[in-house]
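In the two complexes that follow, subunit A is the common piece, with subunit B as its partner first and subunit C second.
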Partner chain A sequence: MSGPQALVIGGGPAGVSAAVALARAGIDVTLCEQGPRLGGAIHRQPDDQTQSVRVPRAHKQRWQALSDELAASTVKVLCRHMFAGIEATGAVLLEDRNTGRLVTRRPAALVLAMGAIERVAPVPGWHLPGVVSAGGLQVMMKSTGRAPSGAVLIAGSGPLLVALAAQMASLGNAPVAVLERSPRLMSLRVIASLLRTPAYLREAAGYVGTLVRAGCLPQRGAFVTAIVPKDGRLSVSVRDRGGRERQLLVDRVALHDGLLPNSNGTAAHPNGPFLVRAGDCREVLGGAAALADGRLAAQAVLAHLGKRGSDSTGAELAMARERQAQAALNTLFDYSGRDPTELPDDTIICRCEGRTLGQLRAMLDSRDPVSAREIKLNGRFGMGACQGRFCAEWVAAFVASQHADGSPPQSSEIVGSRWPVKPVPISAFVTLPPSHPSE
Partner chain B sequence: MLRFTPVSFVSTLSAGVLHSDRTSSFRVGDMLHPQGNSPRSSRSVAIVGAGIVGMSAAHFLSRAGWQVTVYDAGVVASGATGSADGAVSVASKKPGPLMTLAVAAVKFYEQLIAEGVLVDEYLPRSTFVVASDDEELSVLERHAGELEAASVPIRMLRGTALTEVIGAAAPTAIAAAEVQREGHAVGYRVVERLRRLGGFAIRRNCRVSGFTSSNGHITGVITECGTEQADAVLLATGIGSMHFLAESDLIRPRKGQLIVTDRAGADSPHFPGPLMSCRYLVSKGSQPANSAAASRSLGLVIDPLRTGQFLIGGSREDRDDRETADGDIVAALLRDAVALSPSLARLRVIRVFSGLRAATRDGMPIVGRVGGADNLWIATGFEGDGICLGPLMGRLCQQMICGEPPDQDISALDATRFRLTLAAAA
Partner chain C sequence: MSEVPSFLFDGKAIPHTGNETIAAALDRAGIHTLGTGQAGCAGRYFCGIGACQACLVIVDGTRMEACLTPARSGLTVKRFVPVSS
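Our next item is the complex of A and B:
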């Protein structure tokens, strides 16, 4: 047998960076990516390779360099392999989507680099067909190489709104409006904080330039209050900074309220491999930080295996720089969403099971404060296909807003840590060979 | 562990003999949020464990006029009640006292529906015990005879009737017994309903560590949140009950793993009720907790839920790692499920979970008085039958504690068969 094996999950910059660094140190590395090719959310390119989506030059150069290193390495790449979780005996479950089979692996180390999940704050009508997440729309656009058709409204908060709007404009269909909840404007102070990472300033300037030419600058301090279907389209109520309401009739609404680490199913298991998270999966700092964090994850694995790695000083400096840049950028955004106490009772909270805020309110009892587990089981919040990945935070936040005393629930109590991390076809289990764990 | 704190006072109340006629005149409307209404002079009972047995006992004791406090080291339904399959079923019981009690327990669910206590929390339906080969068929025929002898309504399905009723769901079945007049109740929902009816207090995250006592009489419970007075105590904490008893190793954890699928599409075959493979009869209850052989066994039940999802289970394993399910067991269950019902292969697993049943040394529950104190009762060891038996056992516990003659003969469950005594109190 060869030496210790490492399994890296996620073919974005953090995963590829970790895999390359581990392979360079002589580790037998397998890199799994659930999609058809590497790149992650940031470097995704159209399935039809004659198409392409314009990306900032810095991104392109970074990815090209990393891809070259990967090509020259001994890393085994498995695309269309989805991480399904770590089961009770510590085996890593992978769904091989090429063969439709579930397979198990028992690596010495596991690096999870599954990126971020997108937050969308609940708003009445967000469950309607035609309402998508901005990240989801961007994935669609990057996969097809075409802008989404029809009148599109982008709303919420975060740098993604501007990036998506500019990419749409470049592909010939600028959004009808971009609503940024935060009223704060780019200040000299923020610019000063970003001077050490000028790529962000160049990227932002590029997007803004495109949007100026398209006549579609973001409206700051504006947000969506409700979405209702109207004549086969979507009528969106928008409140501006001055408190004025107006209606927009559009075909699609793209919502986005920031990113969170994709931490579901990423807890270490006592019987499982040594586990490290890397990139946005650990801390949302973006693509440049992901490269450095992948190297740091590899370093942690090597230290665990008693192997020498390369000097990671540069990676740590890069992380510090990126963390400072993200902190400065975040002052420009407002990810809080609407105050849940202002939302009407019929607002859907759990989109998988169609459970409403009113049903959640009805579960709360001032004399007998129910636990997160009771809310989950009896209210069916977090019990659907997503297992709470997208609603647990909002359920917990709402319950917390209603709890005058006592400890509010944590979203982790609603999500839990069960496998499978994502739904897996029963047919994939049928061929799983029995294991013989040493006991 | 267990502590007994010397107390300077002796309760002036003697242990719980209290007759009450309030249960007969009960109306649900009276019970909605009556907290604080019960007279201060009433007897108090501390119930340890907020599972289906403890919460049912709390409901009936509060109806009988007691001041009830339920303590749980976790939250409501955080043990086996919250991870059970919800079968209210006689179909898998062995002949004897448990089969008789299960028949009574199913009728008791029907009574609670009629009284308005468990509205919408009980779905009456048949269970289909399925044989796929000749060996299973002989097991099926013998078992169907035993159920009929216990007056359980049975319809044997063969030939055309078999094809019409379960042919789409289980095309390879060669025969099936339709066990009629059974049902499904989700354990945590039953408990939530009882909680909402109110009438008693719940202390969550409040572990009971011991009791205060005087002259063989318990006067209160010592908890993480302080010591509270009680005139009677009921232990209903499943495996946790053992912490309070001198006899160790009497109850062992028996792990079960269950699988939840996504919703079946409109084109999926019709399931008339849960399908139980005959192999389940071989697995279930056939090994006492102390047998070294076959520490893991599988039974197969494919249960069509009201949501359109399926619950597929389960294993019986002599181990206590309830945190997670393992790939081998889940894959083995799903292989069996697809062999019986091939259309399931199109669905997806959205979650797997496991729970721990409390299995006694002789496979029978323990319900009765505990030695070492004159006002301490226990109800535990229901293994896989807690949801089925829970409400009835709550009622019987109330009758025991009130000194009323029980509706059912539970002498076979009596705690004296193990000479149970309170730990460190003898």
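Our next item is the complex of A and C:
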């Protein structure tokens, strides 16, 4: 094909939706997914395709329809291909995990639909083996088709806690407890706001029904204060709504405090392709919105290329509806995590290099104000292998809380934006072919 | 009966189903500590999507996320020891 080329990164609903819409308009589209198959976090199914995990009917229908459209399209799909960034000449770098090589592309447009990452607020012991993010536990469960083994505690805040607990119960190992930090219960006002998106109410009712039968409804207003290793297991200190402390001995702890766009390294490059983000990667609104946002991203690309797309009114209405629903849902949760003033100095903040809250406090005490560069280069917060994905946002908020005046550094300033956006083995570069013959 | 498919993790044979990641196979084998890590943060499975980099292991000589890398028979997987640890 000799027409304009578009590269879409991320094989979840936003990416597939954008890819299908672009292909329909005659664009030569390549869709890259880091995993072995498409679906994203929401539509993940066991790697062994003879197995399956139960999903809400609305999710299943939505994904089936989209998969059918993709199958009938001209979109080229590359699995196990990861976005590694945009280099100085504007070339898009992809790490092909099948061959262990970096490949370069020079598309006219790049759609980044890499979903969300989880917020997990620091708590003493959150770095221990056996402590996972709730999404991480869900990935393990969905990709194996089995409930995680042993006694599992789920804690934090957000709708994912209940979804995960119900999915575990359905697979035969309900969690020993679900601790939801927010004391608020579903209110009539929230239900009223969700009437336009009844799928959420049906989904919630399904999960709650499963949890009632399993006898593990969430304990509202309860949270984890510390996790310590004990006899090869994890001893978890839990505080309930009335302030009472108790200990639970478990094998795994799943933590979750909401979702953030997976936007590290997604800034446009002056020499790079026209870039647009889609789905949770741009704004965390969930799977239904991701479908619509993928279409809007495709519209933006088509407009940039001077091509006419289809009418986007429907997608815009869907986005407005989903934004309202998510705003209503979010009033039920408390993503703030443990109050930093309650955290001991030896609490790990940077999970990659073991940098502690005490070390961060000492940095802030020593002089005033502290820059984003100092936090990263001297403090090494946001410097480790995850590149700040699990600490930068928290560190920025903590610094801001300590220095209310002035202009405290933003999370994005601590992280920076440069390629590779995640660690790539040096062997992948050694074998890098020239990106075009003249180089 | 045919031999159970397996890979080596620090010299120990770990069975796998042929349809799972290294992280899933190690988890089923009861192995949760995947490396020495840095400053007391041992290598371990956490996010499941390659974002946190906590589950890095050495797969046939190359650093890889255990959560993203398919388990294959004959692989030699080792615990990751960072140079700075």
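Heads up, the rule we're going with is that the second predicted complex is superposed on the first by the 428 of 439 C-alpha atoms of A that agree within 3 Å, B and C clash if a C-alpha of one lies under 4 Å from a C-alpha of the other, contacts with A are read in each partner's own complex, and residues count from 1 in each chain.
The rule we apply is simple: a contact is a pair of C-beta atoms (placed from the backbone, for glycine too) under 8 Å apart; a residue touches a chain by one contact, two chains touch by 3 or more.
This structure is a prediction, so every number in the text was calculated from the model and none was measured.
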Touched partner set for A:Gly158, first subunit B, second subunit C, both or neither: neither
First (subunit B), second (subunit C), both or neither touched by A:Thr104: first
First, second, both or neither for A:Gly287, with subunit B first and subunit C second: neither
If touched residues of subunit A are counted for subunit B and for subunit C, the larger one: C
First, second, both or neither for A:Ile117, with subunit B first and subunit C second: second
Contacts of A:Gly309 with subunit B and subunit C, given as first, second, both or neither: neither
Touching partner for A:Asp47 - first (subunit B), second (subunit C), both, neither: second
Touching partner for A:Pro261 - first (subunit B), second (subunit C), both, neither: neither
Which superposed partner A:Pro425 touches (first subunit B, second subunit C, both, neither): both
Which of subunit B and subunit C A:Ala385 touches, first, second, both or neither: both
Common interface residues of subunit A - those touching subunit B in one complex and subunit C in the other: 384-385, 423, 425, 427
Subunit C contact footprint on subunit A (complex, rising order): 34-36, 41, 46-49, 82, 97, 100, 115, 117-118, 127-133, 135-140, 143-144, 148-149, 262, 348, 351-355, 384-386, 389-390, 422-423, 425, 427
Subunit A residues touching subunit B - in the complex, by the definition given at the top: 87-89, 91, 93, 102, 104, 269, 367-368, 370-371, 373-374, 377-378, 384-385, 387, 417-420, 423-427, 429-430, 432, 434-435
Residues on subunit C engaged by subunit A in the complex (per definition of touch): 17, 19-21, 23-24, 27-28, 32-34, 37-54, 56, 62-64, 67-70
For the subunit B and subunit A complex, residues of the former touching the latter: 33, 35, 75-78, 82, 188-189, 192, 195, 201-202, 204, 261-262, 321, 323-328, 330-332, 334-335, 337-338, 344-353
